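Pasting the structures here.
Each of the two complexes below includes chain A, the first together with chain B, the second together with chain C.
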Partner chain A sequence: MSVSQDTRATGAQKIGSFIASYSVVITFLAICLFFAMASPTFLTGANLYNVLVNNVVMLAIVALGLTIVISSGGIDLSVGVSVDMASMVFVMLLAAGYGGVFGVTVGLLAAVAVGVLNAILITRLKISPFLATLGVLFIGQSTQQLATSGGQPIYLITGYAGAQFNAIARTSLLGVPMPVLVLVACIVVVYLLLHRSVFGRGVQAMGAQPGVAWYSGLRVPRQLSLVYIGCALLCGITGILLSATVKSYVPLSGNAFLLDAIGATFIGTTLSAERRPTVIGTLLGVLLLAVVKNGLLLIGWNFYWQQVGIGVLVFLVLAVSFGLRRARQ
Partner chain B sequence: MTATTMKSTVKAAGAGAAPGEKQPRVQNTGKRIGTVAVRLGAIATFTLILVYFALFAPGFLSSFNFINVVEQSAILGVLAFGMAAVIIGGGSNVTEGGIDLSIAANMGLCAAVFATMLQAGYPDTVAVLAGIACGVAVGALNAVAVVGLGILPLLATLAVMNIAAGAELTLTQNTVVGATSPLLAFLVSGSFLGISTLAWCLILFSLVILVFIHKTAFGLRLYAVGGHPEAARAAGISVPLHVSFTYLFSGLCAAIAGILAVSRLSASTPGSGEMLLSVLAAALLGTVFSRRLVPTIGGTLLSVLFIGFLANGFQLLNVSSYWVNGVQGALILLVVAVTSFARGPEASR
Partner chain C sequence: MTVQPAAAEIAISMTGISKRFGPVQALHDADLQVARGTIHGLVGQNGAGKSTIIKVLAGILKPDSGTIAVNGETVGPLTPSSVERLGVHFIHQDRLLVPTATVGEAVFLRHELGFVPFVSRRSMNKRAAELLKRYFDLELPVGILVQDLTTAQQKIVQITRALAQKASVLVLDEPTAALVKREVDSLFAVLRRLRDDGIAVIFISHYMQEIEQLCDRVTVMRNGTDVGTVDPAETPIDEIIAMMIARDVGEMFPKRSVEIGAPMLEVSHLGMAGGFEDISFSVRRGEIVGLTGLLGSGAKEIVQCLFGLERAERGSVKVEGKTLSLSSPVHAVQGGIAMLPEDRRAHGVAIDLSVRENISLASLGRYSGNGFVKRGLENQAIDGLIRELSIKTPGRDTLVRQLSGGNQQKVAIAKWLSCQSRVYILDEPTVAVDVGAKVEIYNLLNRLAGEGAAILLLSSDLLELVGVCDRVLVVYRGRLSGEFSGADLDGDRLLAASSGARGPKAEASS
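Moving on to the complex of A and B:
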C-alpha cells in the first residue's frame, strides 16, 4: 500500500477498506436489526437489561483484562483461574462467617496472587506467556479440585451470605445496577490506562516492538508484571460478581470466559488498521457475542445450534475483515 | 491438490535432510552447551520421575502396564502430532504463529459422525471414510481461513472450534452414541506380538509421521516455512501450500483420533473439547527434546508418553487424580523455565 496507490484509490477500494475496518459495527447493527424484526421481545427494556447484566458485564470485564495483556504482545490463558480463585476464596470466607468487605478484599487478593505468579513466570523466569499461563491454568484446576474434594460446588443461597451477595449483585444506584456500575468504572479506568497514559504507551510499545521498547529504556519486566497483575485483578472482580450473581461457587466455571474473551478481543482488533486491540473494539466484540447468544435464544434456536451460529458468525466477521484487507494489499 | 504435490515432493526427496553448513560457531559454544544441558536436564527430570514410579509404584514396571499406558496415550498422541505439525509449519509465535485450537473439537465431531454412521447401519469403510472426510473438511476450513483469508490462526481455529463443537452437539444432542462394528472390535481386543491394536496404531502412526516430517524434503521445507516464512518464500518454497497442508493434516489426525476414541469407549461421548489443553501441553512440551527447541515428532511422542506415565504412576500410587493436572502444569513450567534460561537473554522474548 504505497502512497501512490492510496491517492489513486478508487471508490470501490474506499468502500472495501471501510467495510474491512467496520465489519464488526456493520454486523452488530445488522444483527440487532434482524433480531428486532424476528423477535418482538428482543428490543424490550427487560430483555436488553437481561443481556447487559447476565451476558455482557462479566465477559466484558474479563475481556478488558485480556485486552491489556494482548496489547502488550502476550496472552493470558489463566483468566479463568483468576476468576475462580476470587470466587472460591470469597464464597469460602462467607461460608465461614467472615464479613463481606473482608471476603471481597481477600478474594481479589487471591486473584492478584494468580497474576503475580504469572508475572514472575513471564518476567523473571522468561517463560513465554502462552506456556506460563497454560501451566498456571493446569495448576489452578488442580488446586480447585483439591480444595473442593473433586469439584463440589458451594451454594449459599439464603441467610447471611445471601444478604451479602444481594448487596453486591442486586443493589442499584440511581436505577443502575451495581454490576453495570462496576463495568463502567472498569471501562473508564482501562481506557484511560491503555489509551491515555504513559503506562499505556509503554504497553502498546511492548506489544508492537518489544525490542525497541527494551532499548528505549522502558522497564519492560515491571510494566509486564503490572499488565498481568492488572488482568488478574479485573478477572477477580468478575469472580466476585459471578459468585454474587449465582450465589454460589462452582469449581472451574471461570474457564467458560476464556475463549469468548479471546474471541471478543480479537474481533475488536479488526476495528484498528494495525489490528491492535482497543477498549472500544473489545466492548463491541463482547456486545456482538452477547447479542447473538441472546437473539438466537429468543428466536427459539436450540442451545446446540447457538454454538454453531456464533462460530459461523464470528468466522464471517473475521473473513470479511481480514479478507478485504488482504485483497487491498 | 496438496496430495499430488506432496507425493511428488516425497519422491524427489533425498534421504538426508540437513544441508551441509560449515560456518564457524565459536561464539555459540557456550550457548550450545547450555542447550545440551537443558535437553539432558529435561530428559533427566523425566527419567527421575519414571525411576521414582518404578521403585515405589507397584506394578509400574510390568510390560502389561507399559502397553496399557501406550494404549491410553494413543488418542492424545495422534492429536499432538497434528498440533505439532501445525506449530512446525506456522512458527511458534505466541499470537501469530501456527496453532489449531479446533483439533479437539474436530476429534469430537469426527467421532460423532463415525459413531452415528455405524449406528445407522453403514459398514466400517463408509463410516471411516465419512469420519476422515469430516476431519479433513474441518481442516480445510481452517486452511481457507488462515491461508486464503489471512485470519490469525489463533482466531480462525477458535471460530472453527465453536462451529465443530456446535455441530457435534447438534448431531448427538449431547448424548452418548454407542457403536459396534468389526473394526472397533479389532481395535479394542485385537493384538499382535502381545501388543494391542490401539498401541500398534500409535507406534505405527508415529513412525510414519516421524519419517515424513524428519526424513523427507517436504518436512524440511515445513520447518523452513515455520522458521522464517520470508526466507522460505525467497528460496522458492510455496508457503501457502505448506501451511495449508499442516491444517489438513491436523484435521486428518483429529479424524483418526476420533475413530480411536470411539473404539476405546465403544461410543462417541461429549466433552472431547477438554482434551485441547493436554494436546497443547504435549506438543509444546515436546520442544525441549529438540536441539533447536522446535517441535519435533520424537519429542512430542516422548512428552505424550510422559504425560501418560505420570497419570498412570499417580493412579498406581493411589494419589488423587486431582494432582495430575497440577503436577503436569508445574512440570511444563519447570522444563520451559530451564529451557529459556539456557537460551540466553536475547531470546527471552
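Moving on to the complex of A and C:
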C-alpha cells in the first residue's frame, strides 16, 4: 500500500535497494578489504585457516546453540559451563587412561546433563531462563574449581591422549580440517531443525508468543527441554574441540564464548529481514566478530583495544540495520 | 437527520477535515461538533475514519485541510501536548499507564507534585486517593501499583489524571472493550456525572447497546466522512447500524438452516472446587450453543476446563463418544477441540509470525513428513484458507501484526480449520471487532456448523447469543441456571437467568 506499483524505480532507488539487499555482505567485504589493505598477512591462506579453525568454528557451534535458545524466547547463560563440563570430563577420562571414543561420549553426556538441569529448572520449577541458567553458571563454575583443586589446568600434551587430541583437531578429510567438518555438520543439522522442521516451527512460535504456542496444543515443556538440551550438546561439541585444540582442560575457559555468542546471535537477528534469530544471520555475526578480532590483532592493536573494535562493530551493525529498514520503507 | 448544537455550547468543532495516506483517502471533508455537557458517540466500521479523526484531534496526525476549534477558538496546528493544554484528554484503548507506577504517580505523570527536581510520591498518592474518592467514590489501597488494578480501575485512574489537569473534553476510545458488565455500569455512571458537570465526552464504541444507553448524540462515520449526527433516543439502533454499513441490518445475524445431528461434545457432571459444580450438557453436530454468565459465574472456567487450560476435578468430557483427558491443551487439540481465546494477541495469534506460520501452527503434522515441513503442501493449504475465509492480507508471508483486528481473528479461526477440528469453543470472538467483520465471523460460524462442527459460543453479548445460537445455556454461581431455545430465547430471559432471577427453577432442571 505504501509504494504504488506504477511508479518506475529510478536509478538511484535501484542502487539503493541493491545496497539494502546485500548490505550485510557488502559491510563484511568492506571490513575484509580494509584489513587486507592494512595488513599484508590478513589475506594469506595460513591466516584465514587460523581464523576459521581457531576463531570461527568453536564460537559458531556455541552460537548455533544459543540461536535455538534465543529463537524460543529464552537465554542460556550457562553455555560456558556446558563447554567446560564436556572438556573437563573428556580430559579427566583420558588422563585416567580411558579410550578416546569413551571420553568423547561421556564428555558430551556431561554437557547434556547441564542442559537437562536447565530444562528441569525452566520447565518444571518455572524459573525464568535468565535466572535458571545464571544459577547453573555459578554452580558450574564452583564445581569446576572444586574438581580441580581451585582451578588447576590439566595438560595432556603427549602419549595416547595427545594422539587422541590430534585425531580430533589436526586431521583433515579431503583437505578439510576435521573441526570445520564438524561445524558444517552442526550448521546443516541446526538449519534443518530450526528452519525446516516441525520442531523449529514450535520453537519460533514459543519465542514469538508463548501463550499462542500453548493454546495451539504444542507440547511446550517438552520442546523447551529439547531446546536447552540441544544447546548444551552443541556446547559440549565445542568443549571437546577446545580441549583437543589446546591439548588441555583449563577451568572456566568456556565462559569466553558467552558474550561473543550472544553478540553474534543478536547481530544476526538485527540483520535478518524478519528480525528473528537465524542460522545464516548468526554465522554472519560470528564471521564479523572473528574477522574484526583477527584483523585488529594483525594491524597491531593491543588486546584491550580489540574490545573497542567489537563495540564499534556492534554500532556499525545497528547503523546498517537502521539504514536497511529505511531503505525498505 | 442531523442535529446541530447551538454555537455557544460547542466544545469541539472540527470542520472540513481531510486526510490522505498515499492512495487512501482516510478522511474526506469530515465534520464533528461536540457540545459541552453531552456524551457524544462516534461510531463506524473499522476504516470508516473514526480513529483517524480522533488522531487528528489528538495532534498525532496533521490534517491536509480543515479547521479545528476548541471552546470556540480556532486553533493552529495541534501537537499531543498542546491539545492537553487546551483541556482535551484522551483515554486510549490500550491502557497507557506505567505498570510499575503507583496510582499517585500515574495520576500526576508529567505534573508531579513535590519540590522540583524531587517528587513526593507520598503526597501524590494521598492527593490521588482524595481525587478518586471525590469523583468516583473509589477507595484503593494507598501506594497500590497500576499493574495490580483491574482494567476498569485503570480506566478510572486515567480519567482521574485528566480531571486532575482540568479536562474540559474527554475522549474515550473503546473504553469498555476489556471490562465486565458491572465495571461498564460504574464507568457509565462516572461519565454521566462528568457530563452533568459540563464536560464534553467523546465516546467511541463498537457496542450499539452502549451507545444507546449512554450517548446524547451519535455521529456516524462511513468511508471517511460523517454521514449524520443523530439522537439515539429518537433513532432506532437498527437505523444507526444501517447508516454505518449502508446495507440492511437483517443481514447482521444471517439466517441458516442446518440439520442438527448426533451429540458431538458431551460434558457430564463437570466440577471444580470454587469454580462450578455438576455441569452437564451436550453440543450436537451442526449446533451452535451459547454459554453465558456474569463474571465469576463459572462460565469462563467451564470452557477453560474443556480445553485443558484448567483442571476439572470431577466429571468427564467426550468428543464423538471418546473420553478426553483434559490435563492440557495438547490433549484437547488432539481430541478435536479448537479454542478461539478471548485475548487474541496473547493466545490467539502470534503477531510477529507470518499468516502462514500462524495458520499451520496447530496442524503441522498434516503438512510434514519425518518431522520436516513440506512447504509446497503447506503453501497450497494456506493459500486455500486465505481465499476461503477471504483474509485480507498481501500474502501468506505477511506478518499478522500488519492485518486488521478482524483479519487477525480470521487467521486465528483458519488455524483450527486447518486442523480440521470438530468442536469449536469460542470465547468472546467478536470483542473489539467491527460490525462488518462480526457479520463475517457469524457467517463463518454458520458455515462451520453447516459442515458438521459443534460450536460452543461463550459470550456476554446477549444480542449476539440470541441472534446466532440454537440454544443458550446460562451459568449462575457455578451452576447451569437455565437453557433457552426457540421462542424462549430472548435477551430479557438470558439476563434474568444470569443474574439469578430464575435460580431455583433451574436447580431442579439439572
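Note that in this section the second predicted complex is superposed on the first by the 291 of 329 C-alpha atoms of A that agree within 3 Å, B and C clash if a C-alpha of one lies under 4 Å from a C-alpha of the other, contacts with A are read in each partner's own complex, and residues count from 1 in each chain.
To be clear about the criterion, a contact is a pair of C-beta atoms (placed from the backbone, for glycine too) under 8 Å apart; a residue touches a chain by one contact, two chains touch by 3 or more.
Bear in mind that the values here come from a model prediction, so they are computed numbers and not experimental data.
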Partner chain in contact with A:Arg326 - chain B first, chain C second, else both or neither: first
Contacts of A:Gly211 with chain B and chain C, given as first, second, both or neither: both
Partner chain in contact with A:Leu137 - chain B first, chain C second, else both or neither: first
Which superposed partner A:Gln306 touches (first chain B, second chain C, both, neither): first
Per-residue contact with chain A, leading partner among chain C and chain B: B
Which superposed partner A:Arg219 touches (first chain B, second chain C, both, neither): second
Intersection of chain A interface sets (partners chain B, chain C): 211, 214
For the chain C and chain A complex, residues of the former touching the latter: 22-24, 307, 309, 329-330, 332-334, 339, 341, 343, 345-353, 357-358, 360-362, 364-365, 368, 371-373, 399, 415
Of all residues in chain A, those that touch chain B in their complex: 70, 73-75, 121, 125-132, 134-139, 141-143, 145-146, 150, 210-211, 214, 259, 262-263, 266, 302-312, 314-315, 318-319, 322-323, 325-326
Chain A-facing residues of chain B, complex: 94-95, 101, 145, 148-152, 154-156, 158-167, 169-170, 173-174, 277, 280-281, 284, 320, 322-330, 332-333, 336-337, 340-341, 343, 348-349
Of chain A, residues touching chain C in the complex: 1-2, 4, 192, 196-199, 201-202, 204-205, 208-209, 211-219, 274-276
